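Note that the chains are named A, B, C, D and E in the order they appear, and that numbering of residues resets to 1 at the start of each chain.
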């Protein structure tokens, strides 16, 4: 049952992501990308990461994609005029496929060797996913968390000076 | 619901980063109130911040301290690299003001952004957790995307920024995938713990997941340090970006990339040394050769130096291949001297350049040596140092790098290296040919030297010649800073 | 006195320095001439003193070595600047300084008014110094200084009229050919030095020491090779086959030079060298034979050419070559004494002849100059009947001619006849010696012929010079004629000190004098000599024979050039090819050009234009070009398109993964 | 005092450069005068080396100070001279003033830079000769390139850029490979417990032959390029022809010696086995070089090119002498180095003189100059003959000893072939001399030529004096070199020759010379049997 | 219960698709979206690992990746706008001033 559901979602994700790269019109690509994101969110839920699923929807689908769509609209970009030359296309696809084969092969060959942690589904249900993440963020990963602030600040500044009308 | 216990925060560990960030924010605020020419003072304020950071930094020399539950460490290795970052940042700031005014994009934000980038680099150098390193790298990258495209009105600048952004994001993908696989294989993102786990489970190259993780991370870092075949963005971006930023980019981020690269590979993945050594070997050869050979043809001096910087990444990779004390010390020494010589060269390029990135062709330097004897001599010193001819720091650096390789038994690598640097001599000489052997075709505008430039050049020359003649001290420090 | 032997080369050196450095300032010919002549004259005095002292000594002690200063010291090799005085070198210095003095004197008159007067005298002094070093050198290296030094001087003096291209060429030719000889000399030296040293640990180039060690040398083998090398050196210096062609060209130099260098002294250096090392040469029968044959061949060969030349000096030049051939013949048959004897007498009469011809040319030139004519002053066809105009010259010249022709009672007869006899009677070369004698005899006949041809054409008959300048012809001044007379006298009496004992009138002083030098050689010679007894009758017979031969030559000359003037033309008409060959010196120069000179130049050009520039440099520049081509190619990859760059990265990743995952 | 002399003469010119910066560029007279003064001062300061030199094999005037100490590396400022470097240093200091004078008037633009380059060059050259520490040597070796590059490139002829770059990169390639070999050597030594880069540490390391081969090749290549040996010589004619007179003079007189010096000082004693293996090759190349260069020189139209090729030939002799590996040959080689320095230097000066007057170097443009400029003619002739190797001039002693030494050793056949070079040298030099100086003075441009002026004579006189002095009394040189050379021989020879009692008739010679190998000696020397066929009935 | 490999391979597929997109598309924005796709694929890997390893580091990492993505989006789009202003296009084939 679960496997079936997984395969269904996975299929949708793959199809929509293929649509992302095949669609001529950027808007369509964007929409299919959002579709993919939803699928991923679903999978996150299946992986007992509801919080991640939530911010996946909120941040990605909500914020980033909206921004992208907005820009697309702003620049009102028509669909691409003429595709890349065939051999470039072919080469690209080939490369991708090769990479896929390789990763597939090595993932197939390898098992999970990482050290097991203490968090299991029971705990998640008991404590709550969000709290666990929060705790991790504010204790162990405090510094990275702080760094993100610098990162965002820099990004904002950049965005402003690059795109504000008059200096 | 239990309370969150915030672990003890050891600010000392990240004091320099904090100081810089604070200064950056302060600059952002002050920027609102200063107008026009006086924006230069922002730069000087920034330099003040850098100096302060520098002092707090060096005070930590000799006492490695961890902090923030093992996500960051302040050790000699980090400190040495951070010094390089700070110096390059300061020198780039010194040379940017004049340029910004000339190119008519004199916005104060550039200084805080440089500082942010520096913070990012410092975090890369001192991060002991893949997350820290990743975020530091992103801080750096994001700031650099902006800086590269900083001159909004110049198409070249836009193009540079955009190209850098797209490719940078692309490479980030690989880096992340690599980190993910490593995480999967070891169950942690902490550099030290990764090593420990590998050691205790005794997994090695047999573990394909770990191996793939290593390789993908390597490609990610290779992009940052512009190693072939991940180098192709470099010439375009360097050429398009505002010259001071090019100077900055060619030195700081490269060094940062190496810092992170070294830390991750030497601390976390020593078990795979046999594997990544060969990878790096190949990268080194490719990078040196491609960089040098392509540089031979260049007419635009910025672009030429871009290729040359690729080649230098190659030389440094030679030291990396060695992976021994000499090699690593060589890397540090080399990056330091490279900061001086390259930024010095770019400073002169800015001086010679005209509005709209004009006058950047090698042929524009005809007779330069006679018009400005002193600048000419300085340029010669930088170029000879880049070419690795004694008694300049560049030579000592190369000597150490190749010695490292030889000590580790990679004699062919060293031979390829020296042959490369022999080839590289040609294009450095070409500049001098124009500077001295050709008569000035049209007498170009008298270069106006601001005090900032004079200081920058003096520092650069000193930084090239003194370590060149008496490298002992710095080499000793580098030896002390080696990881292991 | 012996201790002051170093003075002998010193005086000319001083003379050279004074004239060379300050001659231009002095200008006054008299002073310059006096300095030059005086210098050599002083050495002549010293030489006399030394000679006298030697004579006083008992024969066996007549060897004295004087070390002036250590010259080269390297490892085992040691060569001092040292002089060796013994009977042989005594004879040589006497000849050199004596004849030298006379010729210097002569030159004062002859070179009168030349702009390079001082230059000439300084060179002449320099030459004397080198020559004296050559003959006095106590080891091969000092000898070699002189050996090359005289080469240099002859270069300078032949090129004295450097504005004439022919002079320049001749000078160069002379030096280079000498160099070829020197190459041989050096190799011989190396061999001898190395062999003695490596086998007997005697590392030396000193003649006395080598002589002392010579008993260690084997017969033949190594010695043959070494001596042949030395002989090559001798041929170069003494203009023997194959290296003789430079000497006739050397006549481009002023006549006194021809007299001094190319007749009396330098060209005899080869002979002297062999004599000096007789004890080595004799140890190699093969070499001795080669020397003898080459000598004989040269004698006849040059003589034939001499018969067809019209330039008075060239005739004399070929005669010199031929006479040198006689000397080598003597050396080759082990008659060292005779060879040196002929060397001396030849120095007298040939110097006299050259100076005489010089005097003639001087007169002719003077006359033609007066008459503003541009006829060749040296061409005998413009001469004739000069005996009335210049009696002294004529007499001295005629006497010397008789001497060289080998008429009994004159010096040439004694020496040449001795050589011929030895050639016949020598015990070394088995039954070849008869041929050696035969060739020598024929050569002697030719000698008589062309010399008298010369005399007849020059001094007899009616004067063929342009009639309107006849009256300008007159005898040369005293400064010129005095040396002529002295030499003429010597040409007559010089022979009596070496009279064959057969005649018994006088003991053969000369032989005895040289005995101590050559006895060791004769000692070694006995090793393979076949003692053959020749009766006095036979010797007398041969002597008569050679006289007859000479007379025959003279008669032919007389008939052809006095009695019946049309004969030569007839002769030419009958044997055109032969004449053309003889007249053109058997085309030897052309042959050499064809064999060596042109190929060298062509090859050099090939190497330079073909190899150096195209191949060697081509490789270098080619590499550079290749790299630049790669550069262009790689540059092309940098297309500027993001997706290409991304593709590059992706391919990189894939490649790396592929390498590691699937290996 | 003794310790600092070397450093003094090395860095005096550097001080000169610094002071030079304060002289106004316009004041050419002062610039030239000052530089001349500095060089002369250096020369005077170097005289105590000769007077104070004690004839033995050790390094003297040694100064050894720690310099770089980092990681496994210890580089010292370790300088000193022995009999070999002594004379080369003297040659350098002796040539410099002459070089400065030589382009007194010819270089009249950018004089300041020019003089600075000359002085820097001197620093490099002296430094390279005196350094015992290999690293230090390498530094100076490279430093030399820079000023020479500028001298050729800035003040050179019309094709100067090509020549300069060729010179620079050619040399660079070789020396960088040498650097690699140097480092390898150091690490090899590190395992054997050496402590620093001082040359003296590396003797008798008995590396395995294979390593030796590679390292010798690396060293040999670097030096062979500098010498230059046959196939690597093509940079020389270009560099020589394009360089200004002073440049050519220094290049010929000193820089080329760097190569041969490198061989005798480093390449040979460090890698004996390799030397034994490669002697045939190197000798072959040298002999080819001699003949080849002579033939090529013969057909040159450009006087300077001709002289350039002639120096290729001369250095072929030097190499032959060095690889004959016996006292005679080595001394010959050393003398030949000095001689070539003086004679060829003088030749380049002479070419410079006529070039200054006529601005052409084509032989065909001249002819009959003897008439117009007798003094010049005399000097030219003396120099020519010294270069031909006429006995009594310096050229002879060197050449003779080289050939003799080579002949004595087991490279006899090479010596025999090389001797023919003696003929060829006479051919091309005299032919050139004749075409330039003899003949009619028909070219109107030549009829006005002034004879040498006082300065030019002043330049030439010392050289001429040296030509004769060294030709007639070389003992001072040979005596001082002998012990050092013996040491080299000892280090390079694999099987040490039996020590020969000096032949009786020879008075006592310096102690050091005793062991000078006599290859031919019974049981003496491995190569001897190889030499035997040369002598059919040679041995008893 | 879905195996880890299921998730990993899914993410690998997505990653490759994203890469193909980057390599084949010309529109800068689309390329950027493809990059985002790649990042998401990685996120999936992280979370899958974190689930099966039973520690949250992976999820925290994903959190940061999202932040980074946001920041990059802001900067990237700003750059594109700036470029578009000057060039009236964001087709990567028009970014060809800088080459060779």
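In the analysis below, contacts are C-beta pairs under 8 Å (C-beta built on N, C-alpha and C of every residue); 3 or more make two chains touch, one makes a residue touch a chain.
This one's a predicted model, so the numbers in the text were calculated from it and none came from an experiment.
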item	value
Smallest count of steps, each to a touching chain, taking subunit B to subunit D	1
Selected interface, A-E versus B-E, where C-beta contact pairs are more numerous	A-E
Per Cα centroids, the chain farthest from subunit C	A
Most centrally placed chain, judged by C-alpha centres	D
Centre-of-Cα separation between subunit E and subunit D, whole angstrom	66
Where subunit A and subunit C are represented by their mean Cα positions, the distance between them in whole Å	104
Cα-centroid distance, subunit A relative to subunit B, in whole angstrom	30
Chain centre separation in whole Å, for subunit C relative to subunit B (CA means)	80
Multi-partner residues of subunit B (at least 2 other chains)	131, 135, 138, 142, 145-146, 149, 152, 161, 163, 166, 170, 183-184, 187-188, 208, 211-212, 235-236, 297
Sites on subunit A at which at least two other chains make contact	84, 88, 91-92, 95-96, 99, 102-103, 106-107, 112, 114-117, 140-141, 144, 148, 151, 154-155, 158, 162
Shared interface positions of subunit D, touching two or more other chains	none
Those chain pairs that satisfy the touch definition	A-B, A-C, A-E, B-C, B-D, B-E, C-D, C-E
Residues of subunit B defined as touching subunit D within the complex	325-326, 329, 370, 384, 389-391, 395, 399-400, 402-403, 406-407, 411, 414-415, 418-419, 421-422, 425-426, 429, 433, 436-437, 470-472, 475-476, 478-479
Complex contacts: residues of subunit E adjacent to subunit C	19, 22-26, 31, 92-93, 95-100
Subunit E to subunit B touching residues, read off their complex	8, 15, 18-19, 22, 28, 31-32, 35, 38-39, 41-42, 45-46, 49, 53, 55, 57-58, 60-61, 64-65, 68, 71-72, 75-76, 78-80, 82-83, 85-87, 90, 92, 95, 97-100
Touching residues (chain side subunit A, partner subunit B) in the complex	102-103, 106-107, 109-110, 112-117, 131, 134-135, 138-144, 147-148, 150-151, 153-155, 157-158, 160-162, 167
Footprint of subunit C on subunit A - complex, ascending	84, 88, 91-92, 95-96, 98-99, 102-103, 105-106
